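Both complexes shown next keep subunit A, but they swap its partner, so subunit B is in the first and subunit C is in the second.
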Partner chain A sequence: MPNARTLRGRTSLKLPEWGQALIFLGVGLVSLLFLDATWIRMLFLVTLYATLGMGLNVVVGLAGLLDLGFVAFFATGAYVVAIWGAPISPAVTGTTDFWILLPMAVLAGAGIGLLLGLPVLPLRGDYLAIVTLGFGEIIRILALNMDNFTRGSSGIFAIDKPQYGLGQVDHVNEFFVMVLIAAMIVWFVTSRLRDSRVGRAWEAIREDEDVAAGMGIDTTKYKLMAFATGAAIGALGGAIYAPFIDFVAPQSFSLIVSINVLALVIIGGMGNTTGVIAGAAILIGVPEILQFDETANLLARFGWLRDAANTSIDGLNALTTLDITKLPPAEEWGDKLALYRFIVFGALLVLVMVLRPSGLFPSRRRQLEFDSEPTEPVTGGV
Partner chain B sequence: MTVLFLASPEFWADQFVNGMTTGSIYALIALGYTMVYGVLQLINFAHGEVFMVGAFAGYGVLTALGGDEISGAMIALSILIALLVAGVASMGTALAIERVAYRPLRHAPRLAPLISAIGVSVFLSHLVDDGFLSGEAKFYPTIFPTGDLALGPAAITYLQIFLIGSSLAMMFLLYWTVQKTKIGRSIRAVSESRDNASLMGINVNRTIVVTFALGAIMAGFAGVLYGLFYSSIRGSMGFLPGVKAFTAAVLGGIGSIQGAVIGGYFLGLTETVGRELLNEIPGVNLPNQWKDVVAFSLLVLVLIFRPTGIFRQRATKRA
Partner chain C sequence: MAAGELDVRHLGMQFDGLSALTDVSLRVPPGEIHGLIGPNGAGKTTMFNCLTGFYKPTAGEVWLSGDRIDGFLPHVISGAGVSRTFQNIRLFSNMTVLENLLVASHRTIRGQPVHEVPSRQRGRFSRGSLAKARKVPVALGSGLAEIASAVVQQPSVRRSEREAVARSRELLRSVGLPGRENVVARNLPYGDQRRLEIARALATVPRLLLLDEPTAGMNPQESASMIALIRSIRDQFETTVVLIEHQMRVVMGVCERITVLDYGRTIAEGTPTEVQRDVRVVEAYLGTRAIKDSNHAAP
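Moving on to the complex of A and B:
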């Protein structure tokens, strides 16, 4: 049943996807010329999380499988590069070149994805959610306790940097270019997959698994493929993250990373790469920017606002039995707000699901699925 | 390094009692998962946070009544009040969650309420941890009379007796409510088929609300017991017991009340006794955290081989 939204969607002018990717790449490269290291570091994180988001998007957005343990694959990639790429790691003597470790990490991620998916994917979706949640924790606990491989909570550092023609990747600008290239490759691969026979099978499974199976789609096989693809991309992100941060320890791989990636996919718009990038910019970029010195300087100008607020709080406290805490100095507001980011993420997840379930920047097909009401029979004209 | 079965019978008896203690808490929380899953086929991811709210409500009551200063007859009274208030607070939280995050999504695609539930869970745990406590833990006052009772080779503390006994009483009360009262009958009817129940004149919305309320009361109760036993509480405390209680519910066959209780005790015992048994193998010395690995591995194994639960004979479409 066509409604106003589908008609509007069909007639709207839309930039082709390669155009969007070119703009993204262009903005990234140009920003290298104008921004200093703290800003590039922020852009690195945004792009890294956008890449992770594209991976999770295949699993959640395209195939409709809720994976709450995405951090496990991110950790796998990071640990492969750290254990074989750092002289300090106890289990392996000598180091291997990063460009050999990178594909190994991706393969390891895909392998672990298959291993985990195999028992659970034939079951219904919600079990997958809880098993992946548990698995993410298992990986973290294993990393914490297998001191002989991972050095436990002391972590692995001094990881060999990736070598290239001119030297090695060690400046944040070089890492940013690296992750930008990775993001472009992942974007290309996931968009080609989405538009292929495989992608159509994923979307069919997402819409209705029983019907998809009835149409002759091997649902378990395609679900496994989606899961392994997402896992491989997660591991790729981890492999790039390890030499950048140069400290791989279990405390970096808690549940909150999975939640972060999930939130940016959902809030940005499932099934849509531009939405994922926008989600990463909002959910990763904004909290980082809030902690910048520039932000603190800007906020310091609002000292008068704080004084005014504190005067009223004083008055209110004197009049009533309430004991309201006074506001911190204006220049600390950014840091404080960044601290509360997960409260906002949680609330946003609920709000987006209830008010705009297709995300802020939805893919058109996704929007149709979420915004229509399938349970109501069509009675009479609308 | 330990040698095979060097540990004394007393040791094993103590481990058994410890297993029963954590098992009681898992079982109480698992009831909420299993009942909500029964009526809505929804994993209530925020149930662990409902449990957390109960723990904090109980903490608030006990501190307000004097904290460590509570003594004599006031102890029993203040714990009773704490349990009641916690039950009400958890119930209020669960009903608010149901109204805001689940009910608008009842006819949405399956993924939507799950994601919304995760949102609530993240929101609540971080609201308490980052918003109110700046990442610090709170500690329950240690008011419960210490001392223990020798029961065969085992020494059970008074607190453990109270914990296990009151949990069993609550579970029995719930079982009775579901099996013998009118509202219990509507819960069972809605679990069978929401549409048919509605055709039989059952108010489905009200039944769902009551189901959430009953499960939440159990969770709030478990929260106070957890606080009394482990002392330290924080906003993120609901996560692990939540996942494990869900595991317990799956072990016993999700949707089944007896199953959740049995699954809870089974998991509690497997964790404590199971880890110690593994530690009996020469050369093995597993740290405490391995009990989490045991629990999750159990979950995966059960899902592979007996997705309808260990004890369930009837195959359901739910798995």
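Moving on to the complex of A and C:
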């Protein structure tokens, strides 16, 4: 007999979830063999953001708490590693090993998550979004003004690299493997949580908070748990990001990070890890890819297309009073694309949301929520 | 599991200037099916909301089998053994039937004691910061332990999950929805959604079951089978039942005793036949004119 776990059938893919995880892990590791540093760097960022997305997914996707200040936890993780892991930091003398700082950062993130969670718990929906938005900004401004600890906008750099058996993690490939492992752990943890009593409580709170409480769920406690779990994962991401980027400054933790993480969760399909990874690939990967040399080289091959287009433009210009500018040489297309990549990117996002409003890979439940609701009898009222 | 005894003493619920309930007292012996009737706006649902902690009553006390339960949060009252359904069905509509029941099995899966009423000291009078501070490490620890056991899923966790699934299937059979575990709740027919709501309420192992208009929107046949279901639930699960109802056929058919509310006050109480003959009840439902008319008609 199927148990609660196997009944879920969440994704549109038939593959079991651990199978999907293995495929991603395999693709990631194999790509190390074939791709150069620029591409691996892109993949690192995609994987990092996918990890952040999985964390936010716990808060937004499962518990239904709209958190627009997720960057605060990312910043917390990064600053813990930077302040205690860099010789340059003003408040702390000496440095601590990365592998000690990593769990510290995760704990600090969870603690900050609880701190944020406590006052905002009575709030719902839009109000929660506004308060968390403010909280994200507060953390950034704190980092900017507490120069005694954070060196303000000058930032902290020369952060000690993580040590391991063969030396230290300083090449982009090694960082990529590190974030890949972190992502797999987070995937495992979040999927286990989702398929447990805890995950069910979160989803019940999202569906109807009052009724969930009436069924014996301590909603305050579970909302706090969701906040803390998401925050811990955000801080984990920040802790890995700090030694990779090797420059931790308030500018890196602006609102746009929160927006990006939320957007990739929504575009990928809320409540689903495969979707989150797809969202990260599109949201973080595509703008990078659009400015790569490979993309420019690829476009340069379309000289014939340009010739054909320009011939028709010539024809049109001769026949009508229109004066259409001819297309530039295909060799320049790559540069133009890099220049206008965010316009292209924006169009792509609009396209995704128009064609698949519930995301690329929606979870079964989200799919339901986006369907029209003819069968629902009555809602509302206590 | 013994059915609970409900004792409501001088309950009052005031919303700013509006008095929704005034000095309502009600005593329901264990195992009784008790009807709560009254015209629209009489305060019936408000009463349920007060009993379940959705509202905090502004006056009076609620006792359940010797424990005072008013003033606690809804999840605590649920843990004490009070469960309810809603007038407008409020299922977790995007979750499957089984998941709906598993959510309500929340406490039993964890192995928390059935029917636990915290002491009043920690409940109502815990406003002091010291009392709160003492609870923080406990709450932190239990939250962490829960996350850990959800991730590790040690054998005992898996076992209790399996048991909860088995219990849920049993419940579905009891309410006449066998084999519908994997249907998404919103796709169930209306009558089945009502049954699922009752099953979900039962999954919390209540001593007192509050049913808010269980036959609303049902045709006579469906109502009749709902009556049979309510009776069989009371017998099988040994629970006290209080139900709000508008269909007189249902009220007279299933309730052993009835309380009539009007404008937030008790106007009558007794067996169905007693209540039916009560002048004030007829007045409340049909107006004073009706009584005068009937007096003229039958001198």
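Basically, the second predicted complex is superposed on the first by the 300 of 382 C-alpha atoms of A that agree within 3 Å, B and C clash if a C-alpha of one lies under 4 Å from a C-alpha of the other, contacts with A are read in each partner's own complex, and residues count from 1 in each chain.
Everything below uses one rule, namely that contacts are C-beta pairs under 8 Å (C-beta built on N, C-alpha and C of every residue); 3 or more make two chains touch, one makes a residue touch a chain.
Bear in mind that the values here come from a model prediction, so they are computed numbers and not experimental data.
> A:A212 contacts which: subunit B (first), subunit C (second), both, neither?
second
> Using the superposition on chain A described above, determine whether A:E203 touches subunit B (first), subunit C (second), both, or neither.
It touches subunit C, and subunit B stays clear.
> Contact-wise, after the overlay, does A:L25 reach subunit B, subunit C, both or neither (first, second, both, neither)?
neither
> Between subunit B (first) and subunit C (second), which does A:I289 come into contact with in this model arrangement: first, second, both, or neither?
The answer is neither, since A:I289 touches no partner chain.
> Name the contact category of A:L298: first (subunit B only), second (subunit C only), both, or neither.
After superposing on A, A:L298 lies clear of both subunit B and subunit C.
> Can A:V189 be said to touch subunit B (first), subunit C (second), both, or neither?
A:V189 sits against subunit C, while subunit B stays out of touch.
> Just checking: does A:K221 make contact with subunit B only, subunit C only, both, or neither of them? Give me first, second, both or neither.
After superposing on A, A:K221 lies in contact with subunit C but is clear of subunit B.
> Check subunit A for residues that touch subunit B in one structure and subunit C in the other, and list them.
Common interface on subunit A, subunit B vs subunit C: 369, 373, 375-376.
> For subunit A, which residues count as touching subunit B in their complex?
60, 64, 66, 68, 119-120, 123-127, 129-131, 133-135, 137-138, 141-142, 144-145, 255, 259, 262-263, 266, 339-340, 342-343, 345-351, 353-354, 357, 369-370, 373-376
> List the residues on subunit C that touch subunit A in their complex, please.
For subunit C paired with subunit A, touching residues are 45, 49, 52-54, 73-75, 78-79, 83-84, 86-90, 92-96, 98-99, 102-104, 106-107, 109-110, 139-140, 142-143, 146-147, 149-151, 153, 157, 161-162, 164-165, 181-182, 184, 186-187, 190, 193, 200, 203-204, 217.
> In the complex formed with subunit A, which residues of subunit B make contact?
Checking each residue of subunit B against subunit A gives 42-43, 45, 100-101, 104-105, 107-116, 118-124, 126-127, 130-131, 239-240, 243, 246-247, 250, 287, 289-290, 292-293, 295-297, 299-300, 303-304, 307, 318-319.
> Spell out the part of subunit A that touches subunit C in their complex, as residue ranges.
Touch residues, subunit A against subunit C: 1, 3-4, 7, 114, 188-189, 192-193, 196-201, 203-204, 207-208, 210-219, 221, 224-225, 228-229, 365, 368-369, 373, 375-382.
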